[in-house]
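Here the structure is laid out as structure tokens; the discussion comes afterwards.
By written order: A, B, C and D. Residues from 1 in each chain.
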């Protein structure tokens, strides 16, 4: 039997969710909710089977959905998700999950007490490219991971309410957590604002891990070209993941770096040898990520799978964002990630 | 009449200098010097007109060169250049100029007291691409410069005696000084070392200027692919300079960012509008940079031009490197650039 | 008032037409037709306002559409379009228009006698890139057009009923006609078939024009990579149109070729000089082509515009395809294009 | 003991040969010859050990070289090579070997009767990329070779004495012969001339082989961009060789095409299935091709190897060029390759 789903917030991303839910074999699109009536009518016209609401309480009471998808501005996530959980629904929240770590924690405990799931829409985790990355990195093919560098830059769009860190870093952070299997313990953020808004439009994040891994993010709304490019360098192999490549998003370089310490007394006398090998670009499945994601959501709700992008994952991302924000305000000081 | 030139140090770069001097209309290659006799003979065989020496003093006394080119390991630059200046020669020193700012200062004052020139081999300043960059940026076409990001990464080569900052940053720093017409006042460096050598192989530099310009360098010996890419974003136009592009090294984007503050009380309410325009890749002259550089050296010695890469320029680069090194040792603290 | 539209054929392309018509301000989607009932139901479920039919006659009688869009296999275009025209509807036919020039002629004369329009879905003509091409070429900026080369290759998909020429060449031919304002007078085709189907999977077309223009198409289903790349070389400028480039689909090179004949007696003594200039990539509008196309269809039906991809244009493409097919069968003989 | 080598013709390519011979462990550069005394002096100054001549006879009599390298205009190759062979020297001739097949045959028979070798400078055969290609294609990894397409285009340079076919096709033809192990039996050429010189500046060659392989060359001096790109498509794998790629010149696609004929009566009913697999770019050695080539020449002269680019190979290329020229003159007729 299909699960009943509702979408709250029909701005940029909500209609995508509605389209995928309506076309899914797992869900029926049973309800739509938006404060803007015109928008509600326009989107709703395409889904006559879904009831329309301007108030979430009414929707919850009437539709009794199994899943509520929340695609509203981030500041409202906490209140709306809490209502849905309290009404007995599972929730699927846009990224970032909430605006504070405390709010995320509250939602997790609410979900636990009601026996419901919280999912966070870290869509990239459901792409073939990130799955390939995870397979290579966690499977050990790249050897010991030494260094991660990510560039996620483009021209605008300036957001009215969030800075470039909250806008772009959730993608990098969720990918890094998933691929590396660990959350940074600390972060430094150096950023700057070139508009009168006071919100950073360029930022550099240095992530600190327990192991000696260098990880660095470059985020910008001021680049004339769009770049989405991550480097994962290991002792045995290195990987470049370029999300804008049409056919070869993941390139695996069979390069190696060997350190040969000749004289333990004299640490400086190290022979470093490089091996340059073949490059391989594995064939990546082109399935739409959101479709795969909703299958994972349905299977998790049905107890047949575990969530790939759980509320706990979303909360970890928020905790790093919070620390990054604090570091930015302190001019780049090293700030510990709470609970990490 | 041709100027008499000598080359000291026939390792990697010295033979290039020898070849360019021998083929030049401005210079005759009159002397060669290297401690390694086999290397001296091998390179010298191609230039029968040049006398060969294993000792610089003997070369200076016998050849009486107008110009001594020093292409030895950086730690020896100061002593060799000082000898040459004291013997009345002009000197042309490989980058980086010296290993400390104090050494650079000494060479500058020695040169001044002997009425001789010091040139530093910042070859990139003599490429068509960097000249085009300078024209666009200092000519005002890009509007106000907001943000500079440079990526200079590759696989190795680990140097036995310098870290990745001293190896790669001199290129970026000399280009930035030349194009922007100013030296940073401070620098933060976050770097890491993945080998037992203790020398950083990945580093990120944040440069601080008087004006509110964000400038950031990413330097690495651990990237599987080679990247040489700088972004200069301005209020009117933005530029991408990719030195590895065969034909279109400099791309100028006619993009603009306008900030419209609606309400001064409410600084957050800023309308940001973007304009996406054409891209233009100006035709860049393909002359070999070293040839152009040696012409500038000859013309400067003859009093017909001023040095594009003077000792003062080289010294400024060394002062930033010194501050970067100190910041790296202090875990990323902001360190003021001496005398800036 | 909105025009009533119907879509016949709901395979690969029909649902796209339905979606665009339903979202258009010019049309209402009033009818859908397909022989396959399951497909009809599946697509129809999304458009409750459109009536569903398995027979075109019933649709025409009941819905009385202003426009019938035909997206069925090419062999059925003629019969279906003829019915629609006879019932007083305008028709919009997928490319290629028909399987013979004679069929195209019949449709044109039927349309004329009923005072109705035939449109052919040469979607590329409605892209910003092709409009930019036309502006540059027909506006004279490139000087005299000397040479056109197009590469349109990919891996598969083998079609069960058409060869690679009928599958891919309509795109190139419609673009060339539109941009150059003329139809070739003759064509040679050299092709080969590597499967047992007997249908060519690789083909090269040489198009002959009145003027001395070299035009050549490379079409293939056997290339491991997808390429969509056209060169237009003129005496003053040259253009590369690469449809797979994300941001810079059209690049205009300010290159020139000058011929200076020194001695008319001695024709061989020609000084050829090249000028290499800047490259410029104009900003191209990213509007969906099908949306622009349907606006043009509506405006033409309303007498406010003329058709950019008329039945006459579609018929010209079919005549060249017919000649190309004959040439292929004759092993590459030069075959005149009928009526050209 | 080193072989004595002489270079005749010090225009564009001769100085490269001189530099490589002088730096070789196999050869000593013993003589230089050019009609232009100024050029002879300028180049000769760098090689004081080589004697200088304006007349080949004098060089042969005095130097008695083991190898004479001929880098003069192609029309003079036959006469100069004949002299050298008659004087007992081996010869190394620039490509194309001669201007007619008859001249090539004469040189081969002269070489045979004097027991000397003729080498032709098809440098590309000595690159790591072409060696990788040969390994893949002749080793069977790509399955049955179905289709070869080569694009070799750029802006100019117009040659005063040869057309675009004689200028560019020798590269493609020598690579194809080497990689495929066979010479085409026939050729069609369609070309055009846009200058008053009467020499074709754009040409398309269709090569015919015994097996059902489609092979096609696109050659042009009128393209605004430089392209050097070959596709080799086989039943199991396909290869793209792009000589302008810095790091990944050879890309091997693990794609396959399977034809499954369901019903032999009904040849049209063919199921074609595609497999899309990984791409692999093998690490290619970056040794300078000319260095490898001269090692092969020396080893062949010493009886320790066989020539990779023999006179017979050079003569085969000339026979195809001759047929292509005849086809071009006949407007694209299929012309048999002599002796093939």
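Keep this in mind: a contact is a pair of C-beta atoms (placed from the backbone, for glycine too) under 8 Å apart; a residue touches a chain by one contact, two chains touch by 3 or more.
Remember, predicted model here, so these are calculated numbers, not experimental data.
Under the contact definition, subunit C and subunit D share the contacting chains A, B. Averaging C-alpha coordinates per chain and comparing to subunit B, the farthest chain turns out to be C.
Two chain pairs are in question, A-B and B-D; the one with more C-beta pairs in contact is A-B. Here the CA centre of subunit B is 53 Å from the CA centre of subunit C. If each chain is reduced to the centroid of its CA atoms, subunit B and subunit D end up 41 Å from each other.
Contacts with at least two other chains are made by residues 225, 247, 276 of subunit C.
Of all the residues in subunit B, the ones that touch subunit A in their complex are 146-147, 149, 151, 153, 155-158, 160, 188, 190, 192, 194-199, 202, 204, 206, 212, 214, 216, 218, 220, 222-225, 231, 233, 238-240, 253, 255, 257, 259, 261, 267-270, 272, 274, 276, 332, 334.
Residues 22, 46, 48, 225-226, 244, 246-247 of subunit D are the ones touching subunit B in the complex.
The residues of subunit C lying in touch with subunit B in their complex are 247-248, 254, 276-283.
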